[in-house]
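In what comes next, chain A is part of two complexes: it sits with chain B in the first one and with chain C in the second one.
On to the complex of A and B.
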């Protein structure tokens, strides 16, 4: 089993994951539900259909955004 | 009032309304309804997990029955704006995007070079790009040449409420880009500003702060709806040309008394 530590930034906050983790697994762990959010990794959009196959790498910066008021 | 279109969507109202900075969510919804708009602008921001499938703000927007126009507000590079647009398309299920790439923090002036770069990529990806830009004619021509059907020049800096600082430039855009849908975006402070933009032949007006920052946002939303209708009707009716000298509106033929006396004198 791979227990390597993976350091990431999640919405600007530092987090450390243990072992291989897909983006989908991370979102589930963090309790993101429904379809009202979207994800970018290192400023690149990751479509919902690819959350399962994207494996999080060390130093990834993950941004999760949701609808907000705007002008 | 005649309908107009964004892409293949037919619209009645020529007002696009922002959803930010209202005193309360309910006042936002009431203002949107009072404005009779068909399109509201929305944005995306980082959000921590709520543990729920619902987004309260988005649910409210859905209640309004309006189309959503996601913006890329706050983006400072083409890359940021492109990624934000891609995320917005997934969330809001629309290919419309109000493309903003800010180039100066003091004026919130759009960066024309990054804007062109982002526009080119997003058009390639099938987006309906509504670029927020300055009133520079050559920039707007370049945006049109890239394939934008809609262009949104500012009236004055975002949130300044200064109205149309350069009516000459806006009039020139209307004249030089007759086939482009032109929307004045940003800087509108009063309904008279919106009416003037419409009188110049602009197809629509996008605003936010002028309504959300009013003492009574709902009443102001109604005022803008009326002003935009009035401006559009005036443009369609044909505004009389200006003259340098007076011309009596009352007929002078058959004028009694003094005119005859003067003639006899």
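On to the complex of A and C.
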């Protein structure tokens, strides 16, 4: 069991995770459901199909962006 | 086409830049740019592209200038109120630069006319205000291999990228399909800081000019999404690559159906809504016997209301239990668009006696009670 603390930035805000956590798990914990948003880790978008396999690392910066329609 | 003497003078500050020079200025003059939408983003896009010496500018928009536009759509003035936006833009831009050729299209871009219009231009600038147009533009640009310089805004935030450059990502690589209707507010509903489209539109114009000048990819927004937060003044560049499972890019040969307005009629056009409706006169007769539901924002409610029960549309799904199903339900918003979406949600939740107030509270104010404050 891995209980190491993982410090991340989620949408610019500091957050600490306990133990191993995939990107998908984090999104679910944060109530991001459905498919109408995109997620970048360290300034690079991660395709939805890889959210499950991506394990969040210490100091990761995670940005969740949602589409806007205004013009 | 070579530059004339007065053009050498006019564009001298460009000519002094080694990245532009005479050859770059000629490229600007020989280019044809299509701006779709003539609102907040388009205002700086059009003004700066006209100033920069673009040869041909196309403008598509079916709207007229309204008073609430003037807070951010800076190419229009009070004397333009009630006139077609494309006509007003054409007049302003030709005064600004008489060398500029302007084509206007005073109608809405749709799946039937998009190919013919877009194929006439080198670069497409997406300044629209709805998802159907955004996906339509993306898909047609992908098939025609035309760069799509796209920006969008909401409240204090904006996004900009260049999609559909061959080999680069498209809009669907980022967001594969439009979100469910009414999930994301537009500028009418959510509000927008007036300068925000100015910020993003200037970035779009910059990207257009760089594309024409063939500046290296690493210096452009091809393969990057720029996010702008005007409150924190944070600008982020997020790397976006073409997705191997993108429903558009991955199936290059297969033609997917182009997005059509009819499929999401009440998101775009309340008149085409197929939900049951009630007129303001009918409502007036039975108003004491119905559960009147207001799905606008609290700040809108504060301006004027019909004493309806307030549940903002975005919260409706979580607050369905508050809707009184013992009475017939009538839903209203400002114009009848959001409330049509709410009627659908309530129907999906099993409520059958639900009607949309046609024309919203604006129709009520006009027909029943002109003493109320309209907005």
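Please note the rule applied: the second predicted complex is superposed on the first by the 68 of 71 C-alpha atoms of A that agree within 3 Å, B and C clash if a C-alpha of one lies under 4 Å from a C-alpha of the other, contacts with A are read in each partner's own complex, and residues count from 1 in each chain.
Going forward, a residue touches a chain if its C-beta (ideal position, glycine included) is under 8 Å from a C-beta of that chain, and two chains touch if they have at least 3 such contacts.
No experiment lies behind these values; they were computed from the predicted model shown.
Q: Applying the touch criterion given at the start, work out whether A:12 contacts chain B, chain C, both or neither, answering first, second, both or neither.
A: A:12 contacts both chain B and chain C.
Q: So, A:35: does it touch chain B (first), chain C (second), both, or neither?
A: both
Q: See if chain A has more residues touched by chain B or by chain C, and give me that chain.
A: B
Q: Tell me the contact category for A:45 with respect to chain B and chain C: first, second, both or neither.
A: both
Q: Now for A:64: first (chain B), second (chain C), both, or neither, which partner does it touch?
A: Once the two structures are laid over each other on A, A:64 reaches chain B alone.
Q: Common interface residues of chain A with chain B and chain C?
A: 12, 35-38, 40, 43-45, 47, 63, 65-71
Q: Using the touch rule from the top, collect the residues of chain B that touch chain A in their complex.
A: It comes out as residues 18-22, 28, 41-55, 57-58, 61, 70-71, 73, 79-80, 83-84, 86-88, 90-92, 158-159, 208-209.
Q: Which residues of chain A touch chain C in the complex?
A: Touch list, chain A to chain C: 12, 35-38, 40, 43-45, 47, 49, 63, 65-71.
Q: Write out the stretch or stretches of chain A touching chain B in their complex.
A: Residues of chain A touching chain B: 11-12, 30-40, 43-45, 47-48, 63-71.
Q: For chain C, which residues are in contact with chain A within the complex?
A: Per the stated touch rule, the residues are 37, 39-42, 126-131, 134, 151-154, 157-159, 174-180, 183-184, 186-187, 190, 192, 197, 225, 227, 232, 234, 236-241, 243, 245.
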